[in-house]
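Labels run A, B, C and D following the written order; every chain starts at residue 1.
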Amino acid sequence: MTAFVNQLPIGLSIGAVLLLVALGLTFTFGQMGVINMAHGEFIMAGAYTAFLIGDLVLALPAAFLVAGAMGLVLERAAVRHFYGRPLDTLLLTWGVSLVLQQLARDLFGAPNVQVPAPSWLAGGVGILPYNRLFIMALAVAGVVAVWLYLNRTALGRRTQAVVQNRRLAATSGIDTGRVDMLTFFVGSGLAGVAGVALTLIGPVGPGLGTYYIVDAFLVVVAGGLGQLRGAVLAAAGLGLLNSYAEFWSDASLAKVIVFAVIIAFLQVRPQGMFVLRSRVLT
Amino acid sequence: MRISRPIVPVALALALAACGSDAQPAAEAQEIKVGLLHSLSGTMAISEVTVRDAELLAIDEINRAGGVLGKKLVPVAEDGASDWPTFAEKATKLIRQDKVATVFGGWTSASRKAMLPVFERYKALLWYPVQYEGLESSPYIFYTGATTNQQIIPGLDYLKEQGKKKVFLVGSDYVFPRTANKIIKAYAAANGMEVLGEEYTPLGHTEYSTLVNKVVQARPDAVFNTLNGDSNVAFFKQLKSAGVTAETMPVLSVSVAEEEVTGIGVDNIAGHPVAWNYYQTTETPANEAFVKAYKAKYGATKVTSDPMEAGYNAVYLWAEAVKKAGTTEVEAVKKAAPGISLDRPEGKVTIDGENQHLYKTARIGIIQPDGLIKQVWDSGEPIKPDPYLKAYPWAAGLAAS
Amino acid sequence: MLELRDVRVEFDGYRALDGVDLTVPEGELRFLIGPNGAGKTTLIDVITGLTRPVAGSVRFAGHDLVGRKEHRIVRLGVGRTFQTSVVFEELTVLENLDLAAGFRSPLWTLARRRRGVSEAVAEALARTGLEELAERSAGVLSHGQRQWLEIGMLLAQRPRLLLLDEPVAGMSGDERERTGRLLTEIAADHTVIVVEHDMEFLRRHASTVTVLHEGKVLVEGSVEQVSADPRVQEVYLGRRPSDAAVGERT
Amino acid sequence: MRDLIRRNLPFAAVAVVALVAAPLLLEPFRLGLLAKYLCYAIVALGIGLAWGKGGMLTLGQGVFFGLGGYAMAMYLKLTEAGPGGLPDFMVWSGVEELPALWAPFASPVLALGMAVLGPMALAVVLGTLVFRQRVRGAYFAILTQALAAALVILLVGQQGLTGGTNGMTNFFELFGRDLAEDSTQRGLYLVTAGVLGVLYLATRQLVNSRFGRLLVAVRDGEDRVRFLGYDPALVKTVTFAISAGMAGLAGALFVPVVGIISPALLGVVPSLELVVAVAVGGRHALAGAVLGAVVMGYAKTAFSEQFADGWLYLQGALFILVMTLAPKGIAGLLGRVRRARTA
């Protein structure tokens, strides 16, 4: 029975991890329609930043900048030629992700590296260790920051304007190129932050990104294009589902169950939980 | 469509030209080519490259001592790319195109299973250097790592001696853990131990909070861990932050060696036991030389581990068999090999004539705060390899044949 | 023929259609006008299944259309064009028309190459005057030609009811003229509903006009009746109807 | 008539090279590799149809390839075990009785049928669920990718039924012929090349048919097609199923050619690699897709023989370059050269 009750906070903490890795995608995929397969490698870059800096708290802003800068370069050098062609961005960024993985292997070596967890994160409350609580707090902070950015800053509102109607936004004097750059910077930077958090619970190696990328996209798909509240609900839902499915069956079956539930869910809500209404005929 | 039509013949001509263009120069009479087939790229590269390095070291040493039958060994390295069909493909290439005398290679069971038919088909030799799940003895493979009765069963004997009666089984979802756990359950039934749970996670899984919760709630005396690769990092990190310590609940691992410890983080795993046949700290004269030579060649920060040592041994054992046979011809080498006994870094190893595995000494070690492993138990003498566990009555019926 | 009763459509709480009744008898040429946001396109969307009403009924030739999928409604004989014409640029004019004509044959019969030109396609080509461009790719057509191709595709479908959404928008004077003639010709043997802003165009071609305003039917009648109605003048006050914007709809 | 000959001349030239010259010139090992690339080319052809013509970017084609491969492998394992016998991996997995699921695969006709129809059935189910709800584009791509990930986990987990991560290997004979014989391998190569040729012609025919036009229309304006009276979901599902059937058949050929089928062959990465191959070859031309698969297959072999680490860099870089500089792939480049010459 305790085990059963324990699964609730565990599910939420799994959800927090999912949310963190997917948060950046709600920007790049959701807001800009870019399927960034290199998102996983930006997470990896964040984790390696933590490894180089060696201090978790200092690493958070640093990883945001490092991964964000990588995103910025990617956007300027390649992705910007592909707006409106999400499938092409998917393939392009997959190529980028391959190169980044091999680069990490050459720079840091193939074996995993160790990022020491700060001593103040040792211990925990009940079933949840402090490091899990830290990740949950980070996820909440990330959501709040993103919400404030989108709704309370001029830049954020411009971003939203561009998402809803690119052409209209451009004619209203918004420099859409700059908005795109900034959006990609923030989205990639958030991946870096997620990478720092993941050093607390998982391996830090060249393959890090590949472990999270599919799950991250599933969160965005289930949550609905570019919808913050959708992503939050989807992450929490998938986290809980994962937690209880694994509790009652096993980890392998849980993954299959999650996939089946998402397909079933899309039968009811084909565009995810929340969609922007648009009358544009494709 | 009009655009594309001329490209097809161009393409095929190119492909044909390319396919046919790599004729090999005739092998020098003074050289013996040997194949090294490990994953140099992909997920398994992390482990397999070190084994290849150890094999190269052995080849170097043998060459410096005058080679084999007066000829130098020339390594031909191929990349298995962590992809099982690629192993089969490259094995075929090494045998048919490069005409190597023997091949040292593989790590995962899947890669060995993929190569096995190739070696049997062309009657060529493979030396496989990693502990595995047993239940196999191909006439064209020599197994220089442990089979189950040289690692799993000694591990269980150790737990029993320590008074750990209730165990929880955690493994990656593939052949080795599933087979190992079947053996463990049969052993437990025969030895008054209780298996409280058996959980598998997909390869590469990193979310262990649910599993840790299950383990903690079951309150076992010990955990028998057959997780593979990166999953170990996530598992040990999350286990530690759940407050589990080696004192309260030791986790005996059979796939964590010296190289993995850094990635997991010494803090997270120090104090937990592992089961192997060799540690960097194993005290033999041969090991002192091996560790010294390895560090001299590849860097002082490098560590040596059991599969590396098994790969290193494989080269020496083959060379010894060739010397004894007076030829590199496969059937003659196979005939000469049984009974060959060498003092290796792990102590004395002897090739078993019946199943082409090695007699090996089992060792349990505890992971130290410096990342090395200290031996706390050994089987005293080399254990006769028994891949089908025929000598263990309780294991009857585990495998039908 | 077509009968809408108390149709209501809501977008996120905004009432796009607020209880529309509309009856169009067989053989009529009906014009639908109204200022931006009046719900004209939404009305067409409801008839053709693109938008599902929250309440009300849409009946066509004895069938209830609400809840049917778009292609099923087309198969009942209701065809439409779009404001921004969508033709398939990679296909030729002929292939575009052939595609439109082919939906009645079962899918597997399409697995053969097209041989010759079917009667429906030939007729559509002749009526729209696109014969000379038949083998050209649709991507090279001018704006007006595209609109005609759309109308041609609609004709090739041989529908019983045609819904045209601003067919002359963005056209030059000459093109307008020609489209008007085409429209009159089509109206002779079809039931047609046209959404149009251009009052001048209306005066020359319309028989009956329905004026929509804020999701409701404001007035219905002949062109003279409608343009004389003070409520209509109020709705259009301060702007010249012919200037009404084409592209942006919010 | 002359036009017909002229139009098919390049194809005939390739057929002669592939069916006559290659078996004569290449040593058996290289011929085997070429046969493997041709298996991938069959999958690529299906991707070219679904993605290039139909706009459905399927990142899970390995799933169908794998199902076909497993069906074939099950047949091979059963003939080898003989009536009442058990496949080797079941023996060491502790399975004592042949699972009912396996029984039909003892028949070569049923096994081959399942290799093609099984994937098609799965594609129909998935296509119906997904396309009917108008899930498309990126969403479809991600879902197929997740499908590949899920299927791998499922296959690995059912070790007694599927051989787990090891998959199935160690096949000895096919229809009574020794698989180790070079002559059998040559025969398999010819069959593979023949199947590819026939499928290429059939797919070309389909693309040039009215259905092909409809498919392009669905790709470029799915919603518009609805108002032409067609159900795009049906068109897409049919196309998706055809491409799945091709992948399944390719998988069935792959198993005797290469001698192994394992979950690693149908996961996310191999599926993506095939899409990459199609993009490099040129997604808008069917021949480009075939070409891409052969070229990338060969490049992978060649590079890993020369320098293993470089392969990821090269693959990634090549791909970025193709996407940014030559989005129509090699086929597009060759077409440009040809036009420049004739102009």
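One rule holds in what follows: a residue touches a chain if its C-beta (ideal position, glycine included) is under 8 Å from a C-beta of that chain, and two chains touch if they have at least 3 such contacts.
By chain, UniProt protein names: A, D = Urea transport system permease protein; B = Urea transport system substrate-binding protein; C = Urea transport system ATP-binding protein.
Bear in mind the structure is a predicted one, so any value in this text is a computation, not a measurement.
> Mind listing the chains that sit against subunit A and also against subunit C?
Touching subunit A and subunit C alike, sorted by label: D.
> Shortest hop count from subunit A to subunit B along touching chains?
1
> Looking at C-alpha means, what's the farthest chain from subunit A?
Farthest chain from subunit A, going by C-alpha centroids: C.
> Where's the contact count highest, between which chains?
Chain pair with the maximum contact count: B-D.
> Which chain wins if you rank chains by how close their C-alpha centre is to the centre of all protein C-alpha atoms?
Centre-most chain by C-alpha means: D.
> For subunit A versus subunit D, what separation do you get between their C-alpha means, in angstrom?
For subunit A versus subunit D, the centre distance works out to 32 Å.
> Where the centres are mean C-alpha positions, what is the separation of subunit B from subunit C, in Å?
Those two chain centres are 72 Å apart.
> Rounded to a whole Å, what is the gap between the Cα centroids of subunit C and subunit D?
44
> Of all residues in subunit B, which are in touch with two or more distinct other chains?
Counting only residues that touch two or more other chains, subunit B contributes 173, 200, 202.
> Send over the residues of subunit D in touch with two or more other chains.
Residue numbers touching two or more other chains: 153, 156-157, 208, 221, 223-224, 309, 312.
> Send over the residues of subunit C in touch with two or more other chains.
Only 82, 86 qualify.
> Using the touch definition up top, name the residues of subunit D that touch subunit A in the complex.
Going through subunit D, the ones touching subunit A are 57, 126, 129-130, 133-135, 137-139, 141-143, 145-147, 149-150, 153-154, 156-157, 221-224, 268, 272, 275-276, 279, 309, 312-313, 315-320, 323-324, 327.
> In their shared complex, at which residues does subunit D touch subunit B?
7, 10-11, 13-14, 17-18, 21-22, 25-30, 32-34, 36-37, 86, 91-94, 96, 153, 156-157, 159, 164-167, 169-171, 180, 204, 207-208, 258-260, 262, 264-265, 282, 285-288, 290-291, 294-295, 298, 301-302, 304-305, 308-309, 311-312, 330-332, 334-335, 338-339
> Under the stated contact criterion, what part of subunit C meets subunit D in this complex?
So the residues of subunit C touching subunit D come out as 48, 50, 69-71, 74-75, 79-80, 82, 86, 88-91, 95, 98-100, 102-104, 107, 110-114, 153, 157.
> Subunit D touches which residues of subunit B in the complex?
It is residues 1, 3-16, 18-20, 22, 40-41, 78-79, 81, 83-86, 88-90, 92-93, 96-97, 108-110, 113-114, 116-118, 121, 133, 135-136, 173-175, 178-179, 182, 200, 202-203, 398-401 of subunit B that touch subunit D.
> How about subunit A: which of its residues touch subunit B in the complex?
The touching residues are 2-3, 6-7, 10, 13-14, 17, 105, 110-117, 121-124, 127, 129-132, 200-205, 207, 210-212, 242-243, 246-247, 250-252, 255.
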